[in-house]
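Quick heads-up: structures coming right below.
Next come two complexes, and both contain chain A; in the first it sits with chain B, in the second with chain C.
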Partner chain A sequence: MSQAETAAAVRAPSPLWGLSLLRSEVGTTFRRWRTLALLGVLAAVPVLVGIAVKVETRGGGSGGHDGGGPAFISQVTNNGLFLVFTALAATLPFFLPMAVGVIAGDSIAGEASAGTLRYLLVAPAGRTRLLLAKFATAMLFCLVAAFVVAASALAVGALLFPLGDVTLISGTTISLGEGLLRAALIAVVVAMSLMGVAALGLFVSTLTNSGIAAMATTVGLLITVQILDQFPQLHAIQPYLFPHYWLSFADLLRDPVYWDQMLRNLGLQALYAAVFGSAAWARFTARDVTV
Partner chain B sequence: MEPVIATLGLTKRYRGGQLAVDGLDLVVPRGSVFGFLGPNGSGKTTTIRMLMGLIEPTSGTARVLGEAMPGAGRRVLPRVGALIEGPALYGFLSGRDNLVRFDAADPTADPRTRAARVEGALDRVGLAGAAGKKARAYSLGMKQRLGLASALLRPRELLVLDEPTNGLDPQGMREIRSLVRQLASDGTTVFLSSHLLDEIEQVCTHAAVMAQGRLLTQGTVADLASSVRGRLAVTTPDTADAVRVLKEHGVIDLVVTDDRVTGELPAAGPPDLADVNAALVRADVRVRAFGTQRASLEDAFVALTGEGFDVAG
Partner chain C sequence: MARNESTSGTGTGRRKAVRYAVPVAVAGVAAATIGIGSALASTGSPDLPKISAQDLIAKMAASDTQQLSGSVRVTTDLGLPSLPAGLASGMGGKGGDHKGGSAPDPQAKLTELASGTHTLRVAADGPDKQRVSIVEQAAEYSVIHNGDQVWAYDSATNTVHHSTDRQHRADGKRGGKHDDKGDKTGIGEASPQELAKKVLAASDDTTAVTVDGTVKVAGRDAYQLVIKPKQSESTVGAVRIAVDAKNGVPLKFTLSPKSGGKAAVEAVFTKVDFGKPGADTFSFTPPKGAKVTEGDGKQQGHEQQGREHQGKLPEGLPGADAGFSGSKNVIGKGWTSIAEIKGGKDAGAAVTGKGKSHGSEASSLMDGFGSKVSGKFGSGRVFSTRIVNALMTDDGKVYVGAVSKDALVKAADAAK
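On to the complex of A and B.
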């Protein structure tokens, strides 16, 4: 029984070894072409917006018409930093959550359809641990995606427009350094706003063995909820829809900052994460893995 | 010594009402190479999935390495290497990175020895040369080898191999068989499911036979084969006389094909074969060949299932 003896002779497992799965999960996710393509599309949005604003304002001076297009777009010509806020406001309703929906929707279902789920589980990854690693990776993707948009927008903004002191919505002026800090904070808030979508996607992902079906369902749900959020007749339920407070991140551009809506947003995201995270856990830990 | 696998009344009824495994009482002794036989659809894979904690039994219990599954999976599964229903790989990762990923999923695997263990496993299945290639470019045989390598990432007490030679060429099959023998001689218990009877006969010490969700029999391969009595075979041009003489000596179920007479020796008080042979010669039967044919596992299987090795309906 030399094998068994060797097995007993190796070092006692350290709790830190458990983090290998998370590291592997992150590495595997960000090495996929699909992930890189999604990030590429997100990085392209600020480029398009920047060029459009540049072309639009070349003849007519200061952009002229206010009110059209995403928030802050009229300030972009004066300060390239505003392209960061514009780009985040433009990608948050659809591009960002769609990308998150693809990653989260595929998380478990993709492993199931490839058959690798059974090998992860007999490794044994542990169902709860695997689910946590998947959720953490999806949240990391949210953060990376928001920062990719912000970084791309900052680069394009600096290239096409002047950079300088930032005039906030409340009229106060802050230095460019502080403006950059607020931009970073906004990117973090945007990433956290996507927590609800990530949890929803993870739950859908535990329901099916088809990665494509899970991705499509998650993105479909996202669009449906976005549409429901537009009907004035549904205002009673709208405060409970996950995208409802998304654009509240603009309150970070006030002095003093308005926390009210933003805290409501984060609370709502946490609620979605708790509800759909628990549902995903209940489903995944009780399910027969037959693929 | 406690068996490596012991199930008691293990039953799985799927949601559609289909009874996949029905009251299975399986005992796999430690140190054995255990062949798990049955036609496709007989419940082998469902059983293996229940043993590995992937499927919850409807009723009954399964103990693996002395602990109840699926509850003790966290303690049991690191000591078990498994290849279940063929390999499944990340096509966009290299063979090596696939193994690194599966090893990283095991919280009891030491990250500091990971690279060395991965290389060792690749070497053991003969994939060291192709380890850097993307897994999607692998042939079925190479995928099968990589799946085996992932079962060998750590020293295991139990290896569960579901159809391990599937997709391999004859040379590859031979290599896998010798690998299984080598692992078994190191003290690893090997639980090998297959529908290839000669494969089981060549490497296994024990076997169990399943059909339609039920366990038909289990025991040592020698006992199983001897449960089917060998047949007496006489090759002679004088078949009519031979049949007469053999009948006089109590041989039953006589069958004549061309110049060959075969029959079953009676279970109670079989005649001495030397006497039978002498009687044949005395009766002027010209005997070209005379002897008993050893019963194979295939004969045992056919006798048990009463059918060929077909897919259950």
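On to the complex of A and C.
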């Protein structure tokens, strides 16, 4: 590449460059065995939960739990659609954010440790765009992961349990079609809830050249924050911890829908994305890439 | 662009610093926005024409708002000792037999509201259709009253409690506390309207009622009514009620103890809409597979009565004495009225740890909760919370009231 060409590309990078960069990022990420294995594990969780509930209630049990276990589990035997909500409630505290932490933590540091980061930076897209493409890929993974859990749960629920009109947790009844719509909406909300973890992972990923270290740090931070969220003594700071409002997706199953907590959750996730996203940008654009 | 940045020169260091300032600035702006937002929400007193306390009370009484829906935040900090869950339910079961928490009995749920912060969602359309739900983490407990049907649905356990209105009306009569408005189950009593009604019913010449400016509640302009007991023995500092300036509906209720600090009871509409709620809000069909408990039969009634006692004590409002149906009489009047309950000897002995079945463990447990007092009446134990104090004497009498410890001892002495 001649000097003049490079200069021209720098001055006016084609707007499509960002898109094709994103496309290639998405392609590499979702073609990785690691990603597919993560999605496979996530898909297996609803199968396990469904079979466990089926086995437990086979002897004519009513399925009437005393509020133990993940949310909605007592309704699963009567309506398979509730397995979607149970599975999302069961995977959201740990499995889903862990998978996102692996993908986001690996995004920059993984390239650095594989020695491919500098080749990516040679492409006339700029570091900011690369970072945006990485973040968008992580968010896409969140969405795909949530829908994989939901779809697997719906399939298992339809196979093992009856489907029908849905009684919302407020006691009102809606049709199955509307129930499916709400389930899809819930999957989207769950994916958005993972935005904070994705941004945090991306920031950690810009700090180190070791992919493993970045993944471990992100997942470690996740567990630490989850534990902090359990202590009643820390209630003053808990509303600012990113997992605090995660289970608020269940508010979509109220009638009328209770938006307060959910909006607070999305606002908090956006705040985490802004703070850690800009921190990642500051670190990544100012850093020497030598490997 | 950043990619071929030169690593030499003094500009790099400064540029780095500027970049790192961005996330810091984002966090700062966010913190400031949150701070300003909460500061704005709590201030703001709208300009409203002056109104006298009498007129405001008349406005509340004349209010004929029948249709509303909204969210209510109920915060209670009564200073009750926090019992381990098992022990608390054991005490709740004392009144009747120990049936456990599987059936969603509305009265049992009411005691849950006696501590912490809860969000209720309410909807009403005339005297025949009401609904109250307690919003829980990924679950909801709803009481739906439609015509002569009363349903209680607990989504966490997928259980339903069903009763007909007639039976509840009878219950209400026995307790002597229900009127036609409001739901018939008791949970609605935590709403600002019902709390305000109780306080106003109890206010007489022992009470000073004033209007203290205006406030904004749930985006609506409201007058603030302040009710203060004149008697010095009362533990109640003041009751504040925010009354909607347009339709006279109480929007906020605050009960502050005389000792200061956080409000003991606060019920406030965080959102309110005076439009007609949708008709399907009040319809309920038990979901397939849900366990339905029918709310009739003697045993149920008995248990309910026992629970009523349990639920009444922490309420600690002047109207609370109406709930006791056992052998009791009321000493004094107004805010300092004290309920005297004559239990059996066993009850007193059990409480003071002399009962054989309880042993020393129970005794030491009680020592943790109550403090020993003695006077002309003999000796006993005082159990105190932020509003309600109770004196249990060794000979089995119980004095309960929203009054200071000294007033309880004085009442016990006088009764001797």
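We take it that the second predicted complex is superposed on the first by the 273 of 291 C-alpha atoms of A that agree within 3 Å, B and C clash if a C-alpha of one lies under 4 Å from a C-alpha of the other, contacts with A are read in each partner's own complex, and residues count from 1 in each chain.
The working rule: contacts are C-beta pairs under 8 Å (C-beta built on N, C-alpha and C of every residue); 3 or more make two chains touch, one makes a residue touch a chain.
A quick note: this is a predicted structure, and the numbers were derived from the prediction, not measured.
Once the structures are superposed on A, label A:175 by its partner contacts, choosing first (chain B), second (chain C), both or neither.
A:175: touches no partner chain.
Tell me which touches more residues of chain A here: chain C or chain B.
C
Between chain B (first) and chain C (second), which does A:28 come into contact with in this model arrangement: first, second, both, or neither?
first
Which of the two partners, first being chain B and second being chain C, lies in contact with A:224: first, second, both, or neither?
Neither partner.
Does chain B (first) or chain C (second) touch A:285, or do both, or does neither?
The second partner, chain C, only.
Can A:20 be said to touch chain B (first), chain C (second), both, or neither?
Once the two structures are laid over each other on A, A:20 reaches chain B alone.
Pick one for A:71: touches chain B only (first), chain C only (second), both, or neither.
In the superposed model, A:71 contacts chain C only, not chain B.
Looking at A:121 after the superposition, I want to know if it touches chain B, chain C, both of them or none. Which is it: first, second, both, neither?
In the superposition, A:121 contacts both chain B and chain C.
Which chain A residues lie in the overlap of the chain B contact set and the chain C contact set?
Residues 10, 13, 121-122, 126, 286, 288 of chain A touch both chain B and chain C.
Could you list, by residue number, the parts of chain A that touch chain C in their complex?
10, 13, 62-67, 71-72, 74-75, 77-79, 89, 121-122, 126-128, 162, 164, 167, 169-173, 247, 250-251, 254-256, 258, 260, 271, 274-276, 278-279, 281-283, 285-286, 288
Across the complex, what residues on chain A touch chain B?
1-4, 6-7, 10-11, 13, 17-18, 20-21, 23-24, 28, 31-33, 114-116, 118-126, 129-130, 286, 288-290
Hey, which residues of chain B end up touching chain A in the complex?
Answer in residue numbers: 31, 49, 52-56, 73-74, 77-80, 82, 84-86, 88-93, 100-111, 113-114, 147, 150, 154-157, 183, 186-188.
If you look only at chain C, which of its residues touch chain A in the complex?
Those residues of chain C that touch chain A are 1-5, 7, 12, 15-16, 19-20, 22-23, 26-27, 30, 71, 101-102, 119, 121, 133, 135, 137-140, 142, 144, 151, 153, 155-159, 270, 280-281, 283-285, 287-291.
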